[in-house]
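Two complexes come next, and they have one chain in common, subunit A, joined by subunit B in the first and subunit C in the second.
And now, the complex of A and B:
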């Protein structure tokens, strides 16, 4: 019970928010807006799952929004040039893998601090996009939106594939040795090394996986409208990191579950829709989200202090 | 060594004077773009070429490939050396280009800005695409016309701190209160200049306000974002979408009947006006300050407010005329 206290608290807050919406703004649960809203939150959730792994290894990746934008534009350009949809989506994944591998090599291979490395790559990809696209929207050919199927089917596929990734990743983190290595690397890299768990290699693969997930997120965003904006990933890194932290991924590494990340994302992503449905001005959105993040970090701080006290 | 430098300088001087003597006596005008690849500026250039033809002048068009302020300075410096008569510029970086333009002005070149202004003392006039009043009124008037001037409407804006967008929203509110008392503003939501966020905001506005009749998007990513939300909600036609944006980014939605009107000034007319004004200054037909009106060729008589020549009212692109514009 105590082990999952964060998941329970965040889940409880989410349930409270939903109950108050059900009472005061039942329109919130109308089918179509609900599904459109959920589908549009899925790409950010994919990124949050990836960055959760990065944080569990006690690293950070702030370049994921820029990676997302690069992957989206690469896949979009390929699709616009007539490349079939599955291949265009593969381009996004490969591009993401390469960008992730670059981060991974700099952090794990050269031993550079991840905050500095990914800050640099964030700016680089951002500027590449600016030079390349000049801020104009990129129009996608017919047949890209909703994978060329109906809106309902397309949305179901976006939501379904995200949930499938979540289930697979959560299962792997718990049951596979590679999942346990990620936790071990983050809780004590030296102990992991002595136990023969190759923390450097683990860190590299986690950054690479992060890049692939940025590509997956970009592909799942790409299919939701007939155009993409080159800066579509701007600010996404903060959303993803916030969702992970609120969901109980300890910023000190080695702790947290991906189910918590799901709850954290759902809580943060629904603050703004709730404000609109309560007919409140949008000024509160960021303040409330900030407060939620602060509460989560404070709870972490208190936990660590207690642990030290016990020792 | 000294001699060789001297001889090179003489040779250069000879080259420069050669170039000068080649001039056919036509006025030469430098037309500076913010960026060469941008459809908006390509369309501005079309207007400038039209004015050059009407006025029989020598027009040189140049600009950085990628909105690079340093490159803009370099081009202006070259034009000063070449001794052009007029420079017409859109400034990527107001402060840095102003220094170069001031230098041009001191060299006796007539400087006019368009689209994005320089500091006031660096140019004589600014060809102003539209006033806040003109833009705000056109947006609310279009929404009123489409909804029969009644019912709820919402605004999707860029950011809550953007000064020019807030100014337009104030105009929209004032005009609505004065002219359209049966319309009601139910929400203003920021999209952080992101199309995807605009789509989410519009989706929420639609479900939170089931009686919504129109969405006005005052920032360009907001227009296609709102349109996609209306389309996904199956409310095409029953909720009208109007906004300020580029025709090219909204063509598909306008043709489908999701977006009813996209509002923008004509970049072609803006380029035409700016060149006309520059040439009129060089010919002494336009006073260097305190003019009240200016007759800009085919555009007719335009108002001058202070040192801004106002292009006039923005135009609305709809399903009928959107294919005539390729920017």
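And now, the complex of A and C:
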């Protein structure tokens, strides 16, 4: 299974980490803390799934952290103003869709480079948030946390809905025409155009979906605490992109699976808790994560070099 | 007269393709020596051998009477060999003086740039060839011929004794051509040897002293230009035995399927094209590189939509403004280079085959894997595609099989009109024969086929009728033709036609 080699390597590394934790720090697997940990990692996973699609189409979106923050504050403000919970969440999704559509239009419609476009929108949404909230915490009404249910049920819902989205998206990438279009666009946009696959439209919809997923992530984050910070999304874009790249989404487009993204996110997200349980200083977290990302990129580089050699 | 350059028995192969099979060539001081040959005769390879870009597999190279064992691009430059390509290789964002200075001076990292010297040197060189170009102008602001003049100035400045010009007039207007001719004649007067490559016979008659004709990687002879007429030259270029046996048409042609009337597209330089193709007919399209054949295919397929005239298929007038629409109307286009925008190397063979016809395999948007696999198997069998499995990535297949994969993709759209652009370029002889058989079979089933090819025997052997393009126009349509007639039409030689 050479095609899934990255998924197997990252999965193997994750299993090794888990086994050594089971042996040397068995209380890592205490149920309640583990579930809390998982639930807190789900919003980032949702973003990583979205950005994985963006990267597969051979684009990038660095504005997703800011989109996430905007969506969270919009939904939170709505909830605080007494809007019922489901409607407040819908606000987050619509706001995300609009921001995603803006990126999509600039990139696919006007043909601007996505790195510059999303860098600009990242700064714009960040500054909008700063001017609007002035850095203040936003307290949420009582019914918001854990969807107004018990913590256990709430956490189960967060984890469950994330996994449902993952399964649906992974299925769609394999079985829907749109999935094929995404891979084809990222592999060779001109070939896709000649085959009548409308790569521009594909790119637009992927950016729009990315925005919606930023909204979903924000909503799933919102329910986990009694208040939100306006800068809650800062740095999330890097986390999400790193998880996608480590999970085998080729930065050159056209390659990778969403299951790999799940593994990549789990591996990176568990570095910090694992350090704690091994009684190591947590300062090593970023260094280790950086090393993992570097290894993944180096593996890609070697693969591309080999391919060129074969040609 | 002193011999500047002497090549003897130069051989060069790329894999199984023998591009040069022992070419000999000689250039003396103060001559313009034309190099003539069909597309693919080995002209470009020979130039690259002379400039040191390709190392020959066999043969000897002498420059200025001295045998050179290992010619590298740097060595070639040192020996005074310069090449002016069709597309000038200048830095567009730097000034003319900077471009000339960079080319002529070896720079150390910390060496100071002598701005004044560069500018003065550039002025001198440009004046020498009579070019009115400011040394401080940015290269990107210059026209194509002006850029070529800058290239020539570079060549002169580096003390070049041997100047190679590869189709220098391809993108020039009449007036610019005359300026260039004058520069070439000046170079000759200064004792420089010029290797001049062009498809335009009238230029060769106007400019060259001698001409060497290449055919299938061999030199068929060097002659003084004034001892030859056009038809003799054409005969030298095409004269060969057609050995391959092509599958013949045994069926009756159907009704007119494609009708093209005064089709124009300014963006791709096409003007007033008229032709029609009947069901079951293979219409071969011949012409030189740049004659507009691929451009015509791209117009018919909606990649660069037409801006005048009409296209009708099955007596229905079509409006084609994108490949998607072309596909919906039943037009399929197998592009020239399958590695470029043809087969997607990372994607599975089956996915490659079905990618232009999603609506057939994704019912309601959802993949019916069974139907896709079944269709894939049928194509593998019908076209004789060799692959390890339908899930194997396209890149793992051989060249000929990738080409068949590309054909399969377009057959899956169930087209009425199939456009093939150089369908057998770069595939081995066995696969070539098979592709010919497949194309003939498709025509038999009632498809109209438009086949573009630079392979003259292929055009002659496969086509029911042959259209010849030149300079964006369809200049001739032959019911029956021999190689010389087609070549003459492609070159625009009046003499042979009569």
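Convention: the second predicted complex is superposed on the first by the 311 of 311 C-alpha atoms of A that agree within 3 Å, B and C clash if a C-alpha of one lies under 4 Å from a C-alpha of the other, contacts with A are read in each partner's own complex, and residues count from 1 in each chain.
By definition in this document, a residue touches a chain if its C-beta (ideal position, glycine included) is under 8 Å from a C-beta of that chain, and two chains touch if they have at least 3 such contacts.
The shown structure was predicted, so the numbers you read here are calculated from the model rather than taken from an experiment.
Peer 1: Should the pairing of subunit B and subunit C on subunit A count as a clash or a fit in the superposition?
Peer 2: Aligned on subunit A, subunit C fits beside subunit B.
Peer 1: Look at A:183 in the shared chain and tell me whether it touches subunit B only, subunit C only, both, or neither; answer first, second, both or neither.
Peer 2: Touch partner of A:183: subunit C, not subunit B.
Peer 1: In the superposed arrangement, does A:254 touch subunit B (first), subunit C (second), both or neither?
Peer 2: Only subunit C; A:254 stays clear of subunit B.
Peer 1: Using the touch definition from the top, say if A:205 reaches subunit B (first), subunit C (second), both or neither.
Peer 2: Neither subunit B nor subunit C is touched by A:205.
Peer 1: Specify the partner with more touching residues on subunit A, choosing between subunit B and subunit C.
Peer 2: Per-residue touch count on subunit A favours B.
Peer 1: Would you sort A:125 into first (subunit B), second (subunit C), both or neither based on which partner it touches?
Peer 2: Neither partner.
Peer 1: On the A-aligned overlay, A:174 touches which partner chain: subunit B = first, subunit C = second, or both, or neither?
Peer 2: So A:174 only meets subunit C here.
Peer 1: Taking CA centres, what is the subunit B/subunit A/subunit C angle in steps of 10 degrees?
Peer 2: About 130 degrees between subunit B and subunit C, seen from subunit A.
Peer 1: For A:191, is the partner it touches subunit B (first), subunit C (second), both, or none of the two (neither)?
Peer 2: It touches subunit C, and subunit B stays clear.
Peer 1: By how many Å are the closest C-alpha atoms of subunit B and subunit C apart after the superposition?
Peer 2: Value for subunit B versus subunit C, nearest C-alpha atoms: 39 Å.
Peer 1: Based on the A-chain superposition described above, do subunit B and subunit C contact any of the same residues on subunit A, and if so which?
Peer 2: none
Peer 1: For the complex, give me every residue of subunit C touching subunit A.
Peer 2: Within the complex, subunit C contacts subunit A at residues 301, 303, 322-324, 326-328, 333, 335, 340-347, 351, 355-356, 358, 362, 365-367, 369, 393, 395, 409.
Peer 1: Which of the residues in subunit A come into contact with subunit B in the complex?
Peer 2: 25, 27-28, 30, 32-33, 36-37, 40, 131, 134, 136-137, 139, 151, 221, 224-229, 231-232, 234-235, 272-273, 276-277, 279, 281-283
Peer 1: Please give the residue numbers of subunit A that touch subunit C in the complex, ascending.
Peer 2: Per the touch definition, subunit A meets subunit C at residues 3, 174-178, 180-181, 183-184, 187-188, 190-198, 254-255, 307.
Peer 1: Write out the stretch or stretches of subunit B touching subunit A in their complex.
Peer 2: Within the complex, subunit B touches subunit A at residues 35, 37-39, 66-67, 160, 186-190, 192-196, 199-201, 203-208, 210, 221, 224, 228-229, 232-234, 249, 252.
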